[in-house]
Amino acid sequence: MALDRFFRRRRPQQQPGADVPELWTQCPQCKESIYNRDLLSNAYVCPKCGHHLRLGAAQRVDVLLDEGSFTPLSGKVRPVDALNFHDTEAYTDRLRRAQAKTGRPDAILTGSGTLLNLPVTLAVMDFAFSGGSMGSVVGEEISRAAEFAAEHGTPLLIVTASGGARMQESALSLMQMAKTTVALETLAEAGLPYVSILSDPTTGGVTASFATIADVIVAEPGALIGFAGPRVIQQTIRQHLPEGFQRAEFLLDHGMVDAVVDRREQRPYLANLLGLLTKYEASA
Amino acid sequence: MALDRFFRRRRPQQQPGADVPELWTQCPQCKESIYNRDLLSNAYVCPKCGHHLRLGAAQRVDVLLDEGSFTPLSGKVRPVDALNFHDTEAYTDRLRRAQAKTGRPDAILTGSGTLLNLPVTLAVMDFAFSGGSMGSVVGEEISRAAEFAAEHGTPLLIVTASGGARMQESALSLMQMAKTTVALETLAEAGLPYVSILSDPTTGGVTASFATIADVIVAEPGALIGFAGPRVIQQTIRQHLPEGFQRAEFLLDHGMVDAVVDRREQRPYLANLLGLLTKYEASA
Amino acid sequence: MTGSPEALRELEARVRDLEATAERTGQNLDASISPLRQEVQRLREASGPLSRWERVQLARAPGRPTALDYVDRLCTGFTELHGDRRFGDDPALIGGPARWMGVPVMLLLQQKGRDTKTKIKRRFGSANPEGYRKAVRLMDLAEKFGLPVVALVDTQGAYPGLEAEERGQGWAIAESIRRMLSLRVPVVCAVIGEGGSGGALAVGVGNRVLIQENAWYSVISPEGAASIIWKDASKAPLAAEALKLTAPDLLDLGIVEEVIPEPTGGAHLNPEEAAAAVGEAVGRHLAELMAQSPQELKKGRAARFRALGAFTET
Amino acid sequence: MTGSPEALRELEARVRDLEATAERTGQNLDASISPLRQEVQRLREASGPLSRWERVQLARAPGRPTALDYVDRLCTGFTELHGDRRFGDDPALIGGPARWMGVPVMLLLQQKGRDTKTKIKRRFGSANPEGYRKAVRLMDLAEKFGLPVVALVDTQGAYPGLEAEERGQGWAIAESIRRMLSLRVPVVCAVIGEGGSGGALAVGVGNRVLIQENAWYSVISPEGAASIIWKDASKAPLAAEALKLTAPDLLDLGIVEEVIPEPTGGAHLNPEEAAAAVGEAVGRHLAELMAQSPQELKKGRAARFRALGAFTET
């Protein structure tokens, strides 16, 4: 029934164009070519193999929230190059490129909206922006979203997608792990629920801070989730990593996440859960 | 130095008798015969192999507290046969036998005293009484000791030695696990430290209640400590248990106890620790 | 067995059939039903009270409703939350938020499994330390969000495994007892089958503790006691008598507040009726407790357990 | 390397020898010492400031005092408390109550090991999840008994092992950060060698964060950064420059409150002098913080970290 509703709601709104490559997307897992309109109407889950494709921040908002309900909060906070960081390229150049590519100031989109009519505050990381790395802007926007939720009495949802803390801001990035925790404590003191949704991939400093102190942790099927990256671990232990290591299902087995929830089921799942934790009845 | 002081203090106070068996004790581990006076002056630790012999409650008080400082609290609470329990023998007969053997109403001795001049409340289980099993009296006396400590502002020490909850009081015994926890919470709310000293053996309901919720858990070398008994586990898994399984050192390795402390070092160890946790300077 | 429980159960089923037909068709069938009811009553009286061991058998009867069978019938929106966030997820002790007959609660469920495969997976309801640590985490959530806790107890005891000991089975149980005692939300526990030892008490520290008519609750299983006393587990029926482990015994001893009636012959013969009784009793106690303040709830629960025990004082 | 640090260190040692002899014998040796002191000063100025990579080398110098070396010199009564009470005891992150120059505190120590054997046992100070979980337990005790927390940070990072991931390395670090932020007792952290990534921050959430002159603190080790940027760990010196990971950098960025001076040439050349400086600085901040209320301490620490970061707003 939930799926049924989802399909009805998610009818593609764009017309098929004339340009053939635009019509198709190749599934990274089963390599099948999928009509974009079929992907769109299936929450960007491959209809053939169930693979959950990575989403941009705007796509994620569309998949989670009630249509047209989203009001952005972020966009005002912009990154600076406090360390005058330069490796093979200047940090400022990297930022410009990522901003041009995504149309965002940084790897985060925050806002408020409704989920099956339940008011929520939402923060979504954008992996397309510098691998979803967490620098000062991501930390600040996550913190503001948590404080906004506390102030407005709504639950908080954070969708993570991150390679970890941003190298180019060094210790400043590292400190965001503590900063976001401060803001989430403000939310906790207000007695409001915080649910994190870990999408592929979620690693490093994000895993070791706000992603994993949620009241309820939901993971997307197949998502890579861990602190150290698989390559670093392999270098340490000098042996092969087991099949499925650090995947969502592995983490469920090891007691680290509350549930692995198919993206197409997340709206009713979250609405029911938040309804129970806030004693607010979502209109289903 | 601590050991030195111990020896000075622990000079045996009884004259060697004429009866030869009284003069010697065989060490259960190395099988050597040890002069009782040597055992007595060595805190009942075998001078040959270091084995920690099991102690009666009065011996334990003598080993831990400053000489002559002990004032008993318990002795008024006596067991009853609420279930009219009868197996191969009536519970009332078992109780009478254990009372005659130990000179106590039940498997517990509580009191107050000083440890290197630091006032403490002490509860000591007596394994010689029905295997140190916990029935209503043990639960009540432990609870009263915790409440006495809370009221008088002293730390609490509990020395455990128990085969578990007492079968002959069935569900009433079981409830002592929760009852003692209530009283220890009263102590915790008063901000006073509680240290448990797990001696050989400590298993069953005692391990699953007051013994393991101490602020600091000390184990005696070689003590058997666990929830399920080794025989039950062997029946479940149908394979050999590893060497040292459920011994104090095993539990230290597995993160379950704070320290394994030689009985001859326990007085200075506890005085220092309690001094730090109460900011009270023990005169050392 | 005394009397003829099979005959009794068959007659009871016929009575229910006729009652249902009467309701469906609107016909008055009292003339037929009345004599049957009288016969049922006569048989009940003739069969006498069940022995303790017979009740233990009923508590273990194949098809007896498990915790999830009650949740399926009584709850909506149950969302199982997995894992202790430290080591693993225990399928023998599960839980999560749900609505209990409409009231949002946090469920803690000792789940035995419904068929051979799930029984093995769930270790017949015998939890590992991570199960009790998950319970503590769920209690933390319940406290944070003001959800009353409903615990359904059904276990022969904590799992006596080598790895369970390595990971601190005793420590985990003690911590669960402590956490449950400190909750400032209502806690209602119901023993719905077996209440074995500390493994049961770990989630049995309620403001109200209820027990089904044919469930048992004891410091040790009858087989365990028989092994210790007579070195012979087959003497379990004798041990069951000595342990006074049945629902009426526990009510006498002040260990439980209420015995929840079961359909004649046991909950497995009519799970719907059993569920209705469990739902009503738990719901009623919840409603009463929800009128209390957080402070009263914590203090009342502590006082309840502080008072348990039997001794004299000289 | 610029200048001649070896010559400088040798001269400094001679100065100290002469000063010691003067004090022991009561003789006035100023005529001899003065020209040496001038030469030392000249060499110091000629050698210029250390490069960032040179400081990283000093932070890793053989013989650099470990956390326990400071505890041995500055503390009395240290009682190591073992274990997370859930899974294991981590020798890479240890702690317990002690007196810090007389003041009762709870110590959290990232301990690298002093020789090959203990270095391996302690995984060079890289903690597993149970280390961080033990830290949380010790923080709980500190809070309960009103003990200020002193954390000595010295790790290249949390241990990147397969089992560490299985047991939730990220979860454990996050929980430690959260617990440290919620403490209502004073927390003083000092980076005494390497401050690598989340593994360091896990016990680095202080009301005051201090760093020794030649210690480093960064989101990633120079080698790690070089591997990512140039696919070549040997480019670590370049990465060290880019990461601005030295004590003076961190002071500029507002990440630390104070740089603790080290003996010229590094703490390993004079552990006594290094310890005296660490002891004094930590003690001074402790004393200041102990004048604050529990509420102020928690709020102040939260505000400190809430404010960190660099961005503009349009």
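In order of appearance the chains are A, B, C and D, and numbering begins at 1 in each one.
We take it that a contact is a pair of C-beta atoms (placed from the backbone, for glycine too) under 8 Å apart; a residue touches a chain by one contact, two chains touch by 3 or more.
Please read all numbers here as calculations on a predicted model, not as lab measurements.
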{"item": "Common touching chains of subunit C and subunit A", "value": "D"}
{"item": "Subunit B reached from subunit A - shortest hop count over touching chains", "value": "2"}
{"item": "Mean-CA-position distance for subunit D and subunit A (Å)", "value": "34"}
{"item": "Chain centre separation in whole Å, for subunit D relative to subunit C (CA means)", "value": "54"}
{"item": "Centre distance in Å when subunit B and subunit D are each reduced to the mean of their C-alpha atoms", "value": "41"}
{"item": "Subunit A residues counted as touching two or more neighbouring chains", "value": "212, 254-256"}
{"item": "Shared-contact residues (touching 2 or more other chains) in subunit C", "value": "85-87, 167-168, 171"}
{"item": "Pairs of chains, among all present, that meet the touch criterion", "value": "A-C, A-D, B-C, B-D, C-D"}
{"item": "Complex contact set, residues of subunit A against subunit C", "value": "188, 191, 193, 212, 215-217, 252-259, 269, 272-273, 275-279"}
{"item": "Touch list for subunit C against partner subunit A, complex", "value": "77, 79-89, 97-99, 104, 130, 134, 141, 144-147"}
{"item": "Subunit C residues touching subunit B - in the complex, by the definition given at the top", "value": "158-162, 164-171, 173-175, 177-178, 181-182, 197-198, 201-202, 205, 217-220, 224-225, 228-230, 238-239, 242-245, 249-250, 253, 255, 302, 305-314"}
{"item": "Of all residues in subunit C, those that touch subunit D in their complex", "value": "85-87, 129, 133, 167-168, 171"}
{"item": "Subunit A - residues contacting subunit D, complex", "value": "76-80, 82-83, 85-88, 136-137, 139-140, 143, 165-167, 169-179, 181-183, 185, 204-205, 207-213, 226-228, 232-233, 235-237, 241-242, 245-246, 254-256"}
